[in-house]
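Here chain A shows up in two complexes: once beside chain B, once beside chain C.
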Partner chain A sequence: MSFDAPAMDYAGLSPVIALTTGLVVIVLASVFDSVKRFGPFLALLTFAVTAGCLIWQWSADIDLVSGSLRLDGLAATLSILVVIAAAVSVLLAIGDPSETQAGRSDWLALLTGSVLGMVILAQATSMLTFFVGLELLSIPLYALCGTNLRRRESLESGLKYLIVGSVGSATLLYGLAMIYGASGATGFQAISDGLQAGDGMLSDSLTLVGVGLVAVGLAFKVSIAPFHQWTPDVYQGAPTPVTAFMAVATKAAAFAVFIRFFLVALGPLADQWDVMLAALAALSIVVGNVGALAQTSLKRMLGYSGIAQAGYMLAGIVTATQAGVDALVFYLAAYVAMNVGAFAVVVARERQTGFSDDISTLRGLGREKPLLAWPLTISMLALAGLPPTVGFIGKLYLIEALVDDDWTWLAVMIAIGTMISLGYYLRVVATVWMSPAEESEAAAASIDTAALPPQIAGAQADPFTDSRADRRWYLVAPALIAMAAALFFGVIPQPLVDFAQHAGNALSVWIS
Partner chain B sequence: MLSSIIWTPLLFGLIGLLVPRRFAAWVAALGAVITLGLSIGVLAGFDPDGGMQFVTDVSWIPGLGVDYSLGIDGVSIFLVMLTAIAWIPAIGFSALRGTERPALFYLMLLAGETSTLGAFLAQDLLLFVLFFDLMIVPFYFLFGIWGRDRGGESDPEGSPGNGPVTVQSATLKMIVFTLIGSLLMLVGAIAAAVIAADGGELTFSIQTIVARGLPEGSQNWIFWFFAAAFLVKMPAFPLHGWMPDSYRAAPLPALAVFSAVLSKVGAYGFLRVVLPMMPDAADLFQTTMLVLAIASILYGSAMAFTKTDLRLVLGFSSVAQLGFITAGIFAFNESGAEGAVLQMVNHGLVVVPAFLIVAMISERTGSEELGPMGGLAKKAPVFAVIFLIVSMATLAIPASANFIGEFFILNGLFQVDAAWAIVASVGVALAAFYALRMYQLTMHNPLPDGSDSKEISLRDALVVIPMVAIVVVLAFCPQLIIHGSEPAVDSSIQVVKEVAE
Partner chain C sequence: MTATWAWLVLLLPLLGSMTIGLTFRVLPARTAGLIGVTAIVAAFVCGILALIGLQGEPSESRHVASSLWEYASVGGLSIDLGIYVDPLSIFMVLVVTGVSSLIHIYSYSYMKSDQGYHRFFSYLNFFVFSMLVLVLAGNFIMLIVGWALVGFASYALISYWYRRNTATKAGMKAFVINVIGDIGLYLAAILIFKNIGSVDYGTVFEKAPEVFTTNEWEIVAICLCLLVGAFAKSAQMPFHTWLADAMEGPTPVSSLIHAATMVTAGVYLIARCHSLFELAPTAADVSAWVGLVTLLIAGTIAIAVTDLKRIIAYSTMSQIGYMFVGVSIGAYSAGMFHLMTHAFFKALLFMAAGSFISAMANMQDIDRMKGFRKAMPFTAAMMIIGALALSGFPGTSGWFSKDEIIDFAHFRGGMYDWMWVGMLVGAFMTAVYSFRIIFRILPGPPCEEAEYLEEHGHVIHGEPKNPATGELEDTEVGYPGEEHHIAEQAGGMKFAMAVLGVLALIAGVLQIPGLDDVVTKFLEPTFENSVFSHMHPTTSESWIGLGEGALISLAGIATAWLLYIKRPDLPVRFRERFRWIHTLTVNKWYGDEIIDFLIVNPVKAIGRFCNRAFERFVIDGATTGVAGLTRSAGAAVRDMQSGLLRGYAVLMLFGILAIVIYFLIRSI
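Up next, the complex of A and B:
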């Protein structure tokens, strides 16, 4: 009896292999004290090699592992965004209490594991890899949220995310099972064929309930209203480097599979789900923007803003056209730049002010710390969609895709959401530039216990407070690069448009 | 050529960040002067009958069909000149007095000039929308960082009868109001291009969209998306809610150019985009627009007549003037539209010195309230004469260019319906009241304690007198503008005129 091993396309699998190797090396390195402290460099190296592999395989369009994965433009572009976001979180985590308390290697291993899950998710073309990737993404994140071991909020957020995330995963799994029942297949293409071949399966309630449950499960992951309640709490409680990673990378990976599953596997049903997704998108835009107005914590505000932005991006799927996918990928790329800039500043400011992320800690920043003020300002203007930033072009792209496919009402919703969002984004800008700094100085002075003799400072001294955080290269460089990207692609967007179209072209077989 | 006009100010603003702080102002002033020089160069080579000239057209975002497309014609050239001129006194005035954080101040001011010029020169609909949105950003920072809170405890001299205003709330209100309009305009612009392309190649070129035409049903809603943006920017009654607070909080040199030029972009947008692109809708809503315009004239004049804060007097008089301009445009005839273009330039030229004079008055009296003022003319004849000329131009005294402009507009309205012209002319009469009241209450009467009647200083004279001189020169030869803009203006309203008939 002979057994033919499936042909392995190692070139196509190279990003996954690189990440897995990196993960193993990071775990092994923790054993040796002499190399332990190089953890961040190992992680950055892993991500750089992964990015290199992705660029090497940039124009690939191949099925891998018997059709369970597919490396194409969509996978490559969104994996690159994930890897960039992960690399930034590694930098932001240097000197963070979460990384130190949880053990540097463990923290980095968890992060790399999550990235591996995301890269698999971006390539998934079968319900099995879809679910495995999603769980591999989520489980390390639950742990990462709780890595700030001495803060109650961090532990609480980890637990909350675990419970809500599990509900989401269970819902999704149930939906997948129903779709399997309706189509008799697990591969995305086979599901599409199965649904079309089955008699009346396209309008069967089994299929439709399955689609609904999958949409709900994914909506939990990308924090689409009304499945968003966990987002502000988890964002606020989690260590900020983790929040930054979650906000950006999870969205990119989950949207990748969202696009692929709905447009490829459920493509024949587009007329059934587009209205449902449009309603979710509109609700998200309203809930996220209105919710953000009342926040005083920057991280909570960014959480609500993420809900609204997820609504904008979901609108790209609603169109079920290539232009919609392009616009979504463009917006995701823009979203990475805008959020990295904002979170890097939040991290730096937290370390200077004893881990407060209240908006009032930004008072007077424009006058005293321009290296933090400018990236934050540009991030906020970009999130608000003002020119000359990439946020404006992103909105323009989405609106063009929507109007082109007769979804003008949803385009108007985006415009209205953007108007509401000015209320909170510009509050940040106004605090940075238009509020005097006296109070923040007083507040900083009362917290700056490190300057006191140890016997007086006592237990209050926080070893992680870093009064020079605004001059640390690993915090300032990501912020400045993100700012430069947000401005550059706002003025010369064509390279990013090409990037986005590379993703859309991968699906040109399935959508118009 | 046009690109260099647009980007020179921003370039000098950025250079200003690099040079030592005390030179920033002079770098900025140099940038503004070079921009004016380049604009004069374009004016010299401009042919009134030549249609769109100095055209630049390169692909900017081919993936989205957006081009970097610039051009100038008889409608835009005088507004470009106005912009290039107006920024010089604003920068000069601040340069001679010094400001806090000068490098950032001039960067923002010059970024404002770049985006305003961009809006006047853009021939691609999306590029226009982009510059239109961009304009508000530097002014948000200018008003927010260098503005001041009014009223309340910190400013007991503030404005009795007006509530306290904080810079933050005023600027937020301004930007939210303005962007409500312009975001809808973004949707409208994209919809216009998509509908006009009708499955063909998507382009945002204004001329192509006009040539392709829009179906009547779509015109009606797209019209309001554009009109909302333009009416807020002007501002027109009843969308002027942001104006009083921002005007009171803003720093005066920035406010001078804001009021002089940015408000005109809205009126310009009607002529450039709305009338050619949506003639059926414009015709359908002509009465509504005329009612809004007349309401702006009457409301603005009445408010200017009752307000005691000098900034608000000027602000509401702008509402009234922009009402005249809108009425002229929506008369759909040559006389009205040409008068509107002339009046845009006139009003811009008059408002800049007016706001700078307010700054000087406030230095002499410590207040911007008309109530306790008076007697400033006593030892300052030159100052008084300058202010008198500005006031006379504001009230459109016969022989001023403003008189010609208003005459053309009223003549145009008369051709639509005599009733419009008669009601609008009440505004002319009211203008005489508020302009003279402003002049009298500040300059005549006894000088109260604490005020100082001081002659205009040389540095202020250097800035203001050239502006006043331009106003006077224009009074003698307004036909320069009328003739220069005539062919372009006539062709802008050609389509809508045919529809209306």
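Up next, the complex of A and C:
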């Protein structure tokens, strides 16, 4: 008997195939005790192969699965960012309570599943794959947030994310249905054609309300104000490796579909939605930066900072130009480097201080643990947009794209947001470097005894506390590499600019 | 060749800073100091070689733009990692590296007992590097980079004694105000790019006259944004409050950053962008008036306060006010010349002040200093030279430079005559407060500390204390070390002060009206396209101006003598009679309080409100109403605070409604 494989573009689908295969292998491996401990290795291998496939198909520009997916520059670049972020989370999760308590293979399988959803989302060119990808991304994440089974906040954050996330998904689905009603199509290109062909459809209330609801659903995923409230809570409550993954990878994947849906499917409507997105971007910049000022928890602060950064990035879509997309993708890449550095340090520090992420636990870090202090410092300076880091070029790129397209007021908002943000980023830097070591010990000691919630106070006996966390290669290496990248691309940004333009070029048919 | 030397000027301080920063565990402290000094001296030598190379060119091609590589090409904007070498930037390079070399040598001795010696030199070299990036930048983006790095270096150095709360606070304040300035510069660069399509100096200055008509609102907006940057960096009103607090840094830092180099960056910026400011005369006038107001107000404060370093700091603000007036009314070479002479005598005054403060075991109050003439004759002599130059005593460098600016205002006439009068009043006050310092701390019976120094030959050892608050400290890292040194006993300090003393006295010969005009001729290629380049007072007018200046200076010194030596009861009686004037000036015209009231407090209130609205409101409101949801969520989460959810849902709903309504309206 001969077996005829269905005719399809295996090369183009190779990243998805690689991830699916990896997922199956990881799940199967959990059955056998002897191979179980190779879980992280298997996951890393999966991501490496996926990245390899993406690089192999780097210059591809092809429709897949009868036009439901599309592998092009945009998909390739953003999938690479997702895969990098996932690989880092695997490293950060080694020895983390969440990974152990949830069962290592299960944790990794959930992560790989979410990555699969993201890669599909980055390639989605039809409303069906769009929604499937988004749910495949989200559902494992809801579970991952709750994997630290002994910490109440972790469970709480998972549930919270699930409930609010479902509202977001429902809104999105409702909006998609309306756009389907208005255009009679599901493919992005077909929606655009349908809206233009239909009589008066471009300004019909059905279409426009649909656009608004889709924007809300996506704004929720990338945490744009006023749909951001879950972000600080969930970032703080979730196990830190999961937070790192969520902060970086979710943004990359959701922005991929944000770009594609708004610029391809809704491109003809750009004049209708640009003001609304600009208003949301401006609001996020203000809310994120002002909200971050008052935070004492590092993860919470990074959550608010993420809201502000999402606002900056959304400004790239507002322009609806290729330069805007380039700038957005550049900023996303920079964002990966900056956040990975920060979160890796937070994970390491958490394990040393009994799982407290209060900013005061960073005291004296500069003197005692330079290998953690430097990456954190550079991350903060880069997030604040100070030269010569990649964050500076990223902001410059965005501002340039905005000014070029006559959105000067939004560029000014970014500049002002940057100014406010120095207030909280530099506070972290100051805490790291300016305070003496003795106080740091005292602070660490007081945390154990002070009247903190029991789950933190009890951490003294926590088997996951690791006093040598600052010397574990799997924590320090990502931090150092991220730091090197943030500096290198700050001084020699051209390779990253080329990377970003590869994404922008993929849309050159649709936008100027 | 010129460009190569200029690149070396940039590279050497960076290398010095990195070497010291990376090897602080292995290198002995003194070696680190030597590396720091060598790097800056070598940079100065390279600066001179670049100068020689540049002077070898014919005057019309005396500018070199050099680019290492294309920093980034994003969209339509291409940014080179480039420098721009012309007489103006070389002038600044020489002032910066020259004065920095001397201050490094001074610090080498002065900071000897400090526990953070490596860190100090690493920061100091890094500062010089940043400052050189600022002055050598070839486009506005590099300028912003330099501008931001300088702000950062200044923050690090002000907070150098980081365990002192007052020092870290002062550093933060300086940084925040500087960042506001950065934003101004940022906006200016955005607007320039928007209108001209380039950020490169050469292109921008060339195209600006074609793109803009005079006083068009866009060019005025650009110049006003540039001015925000300049005012913040140069401590002009209303961004001046940080400078006096910045005196919390070690004295060499005050001398280098807050007198000689960084605070003059605003002056350099206006001179550099003179072709833009000439297209926006309104903005230039704003700048000149701000300079005038600053110089007068700072002068009155300098007469009232009693903290030695703060008197000199306010005097710096006041002198920079002169420079602002100068470069804003078109007296470019005079403004730059005053920048240079001011760097000499102000650095000298700070160095001498540092020496006195060490002798006083870190006390800075001039009410407690007395009779240092015999105990520290060398320092006293240097202090007098500095004060003479500052007050514009005939023949000193300050006489030539300050009066040239004052003269030019009179020469332009009209509205500028008011500035002329204002600046003459300022000059009188300058002489009074300069000699107030001299007459209060040098003559008379020696105070306890001076006596001790005379008798024992070394300084008195007080308990380590914060001079501002009187809090007790130790001498470990993060606080000042055991003792800082005085010029009488430390070769390095003596050398640096002697060189500056000579320069403060004789640097005026560079610019004797009608005789040589070296600075004007040297800077000519930079300003030759300016409408003011061929406008200057005649030689006889200049000498009349110098004569007036001499009279005013002598009158000021005589007044100071009358008030502080002959009739010391007069100031006291004046203070009692006009208490409100004293209260106003000694409180620095309530600058801090006004800014707190107008800006800081509202911002804080908004922050608190947002915090409440976005978090508290939701948290408080939510905890009660969620029982149902929580119960259904199961035992694991029974008492979680996820009441928040209801609040989230409400806010999300509002958001959705707003967007839907917006689109419904658009669809009509």
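Going forward, the second predicted complex is superposed on the first by the 488 of 512 C-alpha atoms of A that agree within 3 Å, B and C clash if a C-alpha of one lies under 4 Å from a C-alpha of the other, contacts with A are read in each partner's own complex, and residues count from 1 in each chain.
By our rule, contacts are C-beta pairs under 8 Å (C-beta built on N, C-alpha and C of every residue); 3 or more make two chains touch, one makes a residue touch a chain.
No experiment lies behind these values; they were computed from the predicted model shown.
Of the two partner chains placed by the overlay, chain B and chain C both lie in contact with A:388. When chain B and chain C are set side by side, the one touching more residues of chain A is C.
Of the two partner chains placed by superposition, chain B and chain C are both touched by A:494. By the document's definition of touching, of the two partners only chain C reaches A:163; chain B does not. Shared-chain residue A:11: touches no atom of chain B or chain C.
In the superposition on chain A, A:397 makes contact with both chain B and chain C.
Contacts of A:422 after superposition on the shared chain: both chain B and chain C are touched.
Of the two partner chains placed around the shared chain by superposition, chain B and chain C are both touched by A:430. Looking at the shared chain after the overlay, A:408 reaches both chain B and chain C. Where the contact sets of chain A with chain B and with chain C meet, they give residues 326, 386-388, 392-393, 396-397, 399-400, 403-404, 408, 411-412, 415-416, 418-419, 422-423, 426, 430, 433-435, 493-494, 497. By the touch criterion stated above, chain A contacts chain C in their complex at residues 152, 155-156, 159-160, 163-164, 167, 171, 203-205, 207-209, 211-213, 215-216, 220, 226-227, 229-230, 233, 272, 276, 287, 290-291, 293-294, 323, 326-327, 330, 386-388, 392-393, 396-397, 399-401, 403-404, 408, 411-412, 415-416, 418-419, 422-423, 426, 430, 433-436, 492-494, 497.
Only residues 69-77, 79, 141, 144-145, 148-149, 152, 159, 162-163, 168, 172, 175-176, 179-180, 182-183, 186-187, 190-191, 193-194, 478, 606-607, 610-611, 614-615, 618, 633, 636-637, 640-642, 644-645, 647-649, 651-652, 654-656, 659-660, 662-664, 666-668 of chain C touch chain A when the two sit together in their complex.
Taken in their complex, chain B has these residues touching chain A: 60-64, 101, 126, 130-131, 133-134, 137, 140-141, 144-145, 167-168, 171-172, 175-176, 179-180, 183-184, 186-187, 190-191, 194, 202. Interface of chain A with chain B (complex): residues 326, 366-367, 381, 385-388, 392-393, 395-397, 399-400, 403-404, 408, 411-412, 415-416, 418-419, 422-423, 426-427, 430, 433-435, 493-494, 497-498, 500-501.
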